[in-house]
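Heads up, the next two complexes both have chain A, just with different partners, chain B and then chain C.
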Partner chain A sequence: MPFFEQLAGNLVYGAILGSVYGLSTMGLSLIFGVLRIVNVGHGPFIMLGAFTAFWMFTLFGIAPVVSISVALVLGLALGFVIFFAVIRRLINAPELSTLLATFAIGIFLEEIAKFMWGPDHRGYSWDIGDIDIGITLIPYSKILAFISSIIIAYLLYMWFQKTKLGAAIRAVVEDSGGAAACGINVGRIYALSFAIGIGLTVASGVLVTLFVPVGINPYMGHEYTLKAFVIAVLGGLASPWGAFYAGFIFGLIENGSYTLLGLIPGVEPFSLTRFVAFSLLLVILLIKPTGLLGGENK
Partner chain B sequence: MKKILVVLLLLSVLLVGCAQQTVQPSATSTPTTQTTPSATSTPSTSAAEKILIGFSESKTGKFNAESKEQTNGFLLWMENVNAEGGIYVKDLGKKVKVSYTSYDDESSGERVQQIYAKLISEDKADFLISPYSSGLTASAAIIAEQYGKVMVATGAASDSIFNKGYQHVFQLYTPSSRYLTSAVDLLQTKFPDAKKVAIVYENSKFAKSVAQATKSYAEEKGLEVVLYEAYEPGTTDFTSFINKIQAANPDAIIGGGHFADGETFAKQIFEKKVKIKLLSLLVAPAVPEFAEIGDAALYVTGPSQWEPQAKYTKEAAQKMGVEFFGPTVEEFVKEYKAKYGYEPGYHAAGGYAAGLILQKAIEDAGTLDSEKVREALENMKVMTFFGYLEFEKGEYYGRQIGHDMVVIQWQESDGQLKKEVVWPETGASSQVIAYDEKY
Partner chain C sequence: MRFFEKYASLIPVLLIYAILFAIGISFPGMWQPVAFIMFYITLGQAFNIFLGLTGYVDFGYVAFLALGAYGMAIAVDNLGGANLGYGIILIGLLLAILMASILSVAVGAVALRLRGAYFAIATIGVNEGFRYFVEGARLWGGSEGIIISGDMRNIFGRETANFISTFVSDILVFIIAILAAIVTILIMNRRMGYALMAVREDEDAAKVMGINVTKYKVMAFITSASFAGLIGASAWTLKMTYVFPSDVFLITYTVEAIVIVMLGGAGTLMGPIVGGLIYGILKYYLSITLPGFQLLVLAPLLIVIVVAFPDGVVGALRRRLTGNVKKYLR
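For the complex of A and B:
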């Protein structure tokens, strides 16, 4: 049964990777859902999270799992700063302006990172053992990444459902005009949502390094921006929860497709990862333009 | 909503382009401005009183760092040879000192052609040394051939420079087609039970050409290539790929691409505890930063043009029945450190070797005549601190056929990871250790 074993092993890793994908896309979807702004500078925030994990570990020996909270706080702070400096002025601006602005923020962050830390590829080594689940071997660090992302997503969900602020955010997503009429300070909700979105993204950067602790460099975000777009669309764009599930699905499809495509003679699936991702996006847009998990087109 | 999706899609396509640009070093040159080149050396006088060597160096642009090393190596050679009174030229019955002229090529191919034309026709250079990099050397080679001047090519590994019918360009570096053939030889000699090889490589021009050459070499040597497959440039998650490699059950994994993917690949192979005898990857293991992945780096091997630990000795030369020429490895490393304050890498060694090989050819020819020196190079078989050197006379005239890549392996000494040279046997500083010894 080597084939099924290989497929099963790939799917296990697909699920782990999918959870990281999911969390890294939640921020993108939250910001789009509330502010109707597509953050095309998404990847560089993941890069910042990765560097947070790297520096905390190499300078202070702090375990990357602990760095998740540090990155979250850093991301929140950065989110507020960027909101009040840039995004606030773009709330009702044309789409092209917001795309340009977020693209510029992304490039700005990359160049700042290159200026401070140089263009080198960096990595750290945090080996805490592994577990053999029979079909495949999984390092504990990856399991921790998996568990952390599920916990964060769950906490966020509870916060949205059980708290007043969470309800206010949901109200703004439903109808910002109506929410304002009910006395909700929409501007504040915008700021908070943007900051949470960025905080999640930076935190997911730490998880990314738990999965792949090397290749940390200023331009590492591109790869994740691409996948986040596909996942966000898959999840219906405006829904953070949809994005989280979609991340899982994407991880499973991506890794599963390696095994399945490999059955076709002459096909080298690992040299086709982008092809697989974007074919998936095109197919979804053709079949269901509102996204796989999305609702009616608003 | 739909509009946004369309824009998103377009942006993604744009980003794909950007992402690829960052992972693949481009070989194209930047446009140049027309400035007057500034000569950086003493002007040559009469040919009999001085031997003038001309070359271009990349003082600005992307090749700046490597080119500087190469020039440093050359300058050290010149200093040494002049300290001994120069190169002995039999026809003149005396030693003749060496001088040089160089210009900044701005890492640009167009600039290189202007410079080499000027070096030959205006500065009257006797001999030429190539710029750094295959791309620039390919540009310079056209001019050298047009004017019939001998050019020693260092810092250039491409094979394709040498199938253009040139008769005056001689390569010092092991050509890229043989980057990983040493790993195959190492595997067969040290692990004779190993029969199955997986060749996995980055889907880029450089890695693919190396992989193709390695595959045919391995098959020629009677190994079974159980997996031959490419992965996307910029891949960060190899776990599924490694599952597939494990299913093929190879004794060795050979391949890779550039630094980032090679490092990630090595890390994940370690995480999955893949049981193999040999892991040999392009580029990444030769870079000092590779050690940052800790235990995952242990026993990983990779090719390098030259390493300061390499033991190319007079005894090794004797065994092969060839002459040893120039300083020993220890002397070169010591002198270089004394002059520049840090240990030389292979770029510097290549620069020194370029001067050394010209010296040897001039001494063998006994004249400064280009054609005679060319013949001397054609017939040269010599061992130097840089390794054994010999040039092809056939279809790829001037291509290096003697020099082998050294294979380095990350080994542990006193709890520290350290690069050791494990191949070729004549230059080894340590015995190779099977990769799976680490588990």
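For the complex of A and C:
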């Protein structure tokens, strides 16, 4: 049955891509969970990560897996800068303000990227061979992306569970007033969480490049903002771990429905797959806005 | 006298329109920039009815503009042979309102149950989902869109078709702007305006006070969407004579509308006009002096406004004014 073989191959690929989706959404969920701010300019940070990987590879020949740490540091620094320049002043402002500010920050990053590197689509290929899993060939680079995402997510989880700072962040998520009363410097936790969220997002952008051969351009983030929203909502919006698992589910749904929609004559499966994703978003928001995977309620 | 005080704020608005119109028709070469600025003023006014009056951010607002554009294109494309003359434009405008308001009822019924961030995310989902549905299911020509320049020439002849796209479409935008200003002030002066002000300040408290919050939110949403549909039909389809999904669903128009409303002052009558004037003039000259990099200037501008002047120009001005002058500026 060639169709089932194709479906199985696409689902495996969906799971691998899903791990990167999950990682790329964790930052969004972390920032929302701690600061109650939706980073509407989420995607452009992924774009910055993608450009980091691209330049590290083409200028210095550094493998994307190594660039992850560079991107993480860059993202952390950028996160702190943005927090102290803009976000700090908006912590108690109405939701409208933070939505608009993060949106504008995203556009600003895109325009700076376009100003510096031009609007062209770029790409690089990091070919280190493929592995045959019986139904399809999978490049080692993608498997490395898969493993890296899981390792980063696991390390973050351990850091949250085992360290004092991690516990402080969890306390602020639970109840920022109570945390402040216990002597936690909530302002500092906000800054740290925002920076970690941005750092994770930029780092995930490095891994994204392994899946878009020639798709690196200033506006590539847009698509990931939208996907991240669907995934974050799927995972409960405020929970980074929920987002990570939801990334897998989204990857499977996306690739599965692409294969199935391809059977319908006279439609464009690529566009319809996205339609399915956004319909999913609306349905979840309506039925269970706290996310399918539990998550905390708001 | 009470009546005059309630509606006095319309006078400066109409005056500004009259001045813009006079500048446009008296000086050669000025009609195009005036129409350009007027488009942004009208877009801001239409969006202000929802964003300004309710405080909800709709990131998918451009979907209503797009549906309006499609409404006009579908009317011209399908009824081109019916020999209706200018009647076809009227039908197109009505279809635009109809399609935009149907979508707004559907979206409003679903998304307006959600608050703040959840609402904003849902509206992005609607806009993108709808766009991909049009492309994916090949609705209304799919990604190839609808081109009506040929139909327009067949119906009106080359000369008149040209006149419609370069002049009539702009006049329609002026008319929409006047209507939007009147509707805004009507809402602000009535129970609905006060109810929405209560929603903006504290929705839960408004609910407890017995205000039918959902009803007024949905009403503002539909009104705002209908105006967006009209703008899409006249400023997009009639002017450009084509509709492509990748152009009309562009999130940039939503952003521009937000910038205009916030710049001028959300929830005020004069705000979108001041915002539209500043934004329109700025963009027009930036596109000449810095082509392609307007957003590089506008994005930081929006950040500064949000952080430093959340009330906008009109909001800040109103706080300084007292007594008699204040009633002209709302």
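Criterion: the second predicted complex is superposed on the first by the 285 of 298 C-alpha atoms of A that agree within 3 Å, B and C clash if a C-alpha of one lies under 4 Å from a C-alpha of the other, contacts with A are read in each partner's own complex, and residues count from 1 in each chain.
Basically, contacts are C-beta pairs under 8 Å (C-beta built on N, C-alpha and C of every residue); 3 or more make two chains touch, one makes a residue touch a chain.
Please read all numbers here as calculations on a predicted model, not as lab measurements.
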Between chain B (first) and chain C (second), which, if any, makes contact with A:L90: first, second, both or neither?
second
Margin query: Per the contact definition in the header, classify A:L17: touching chain B only (first), chain C only (second), both, or neither.
Written below: first
So, A:L285: does it touch chain B (first), chain C (second), both, or neither?
both
- Message: With both complexes overlaid on chain A, does A:S271 touch chain B (first), chain C (second), both or neither?
- Response: both
- Just chain B (first), just chain C (second), both, or neither: which does A:A168 touch? neither
**Asked** Is A:L252 touching the first partner chain B, the second partner chain C, both, or neither of them?
**Response** neither
With the two complexes superposed on chain A, say which partner A:V34 touches: chain B (first), chain C (second), both, or neither.
neither
Check whether A:R122 is in contact with chain B, with chain C, with both or with neither, and answer first, second, both or neither. first
Counting only touches as set out at the top, which of chain B and chain C does A:L99 meet: first, second, both, neither? both
So the chain A residues that chain B and chain C both touch are 38, 40, 95-96, 99, 103, 222, 226, 229-230, 233, 237, 268, 270-274, 278, 281, 285, 289
Touching chain A in the complex, chain C uses residues 51, 55, 57, 59, 110-111, 113-114, 116-118, 120-122, 124-126, 128-129, 132-133, 135-138, 142-143, 251, 255, 258, 262, 266, 293, 295-296, 298-300, 302-303, 306-307, 310
Listed in rising order, chain B residues that touch chain A in their complex are 1-5, 7-9, 11-12, 15-16, 18-19, 22, 203, 229-232, 234-237, 239-241, 243-244, 247, 259-261, 263-264, 267-268, 271-273, 289, 292-296
Note: in the complex, chain A contacts chain B through residues 2, 5-6, 9-10, 13-14, 17, 38, 40, 95-96, 99, 103, 120-125, 127, 130, 136-137, 139, 211-215, 217, 219-220, 222-223, 225-226, 229-230, 233, 237, 255, 258-259, 262, 268, 270-274, 278, 281, 285, 289-290, 297-298
Listed in rising order, the residues of chain A that touch chain C in the complex are 32, 36, 38, 40, 86, 89-90, 93-97, 99-101, 103-105, 107-108, 110-112, 114-115, 222, 226, 229-230, 233, 237, 261, 266-275, 277-279, 281-282, 285-286, 289
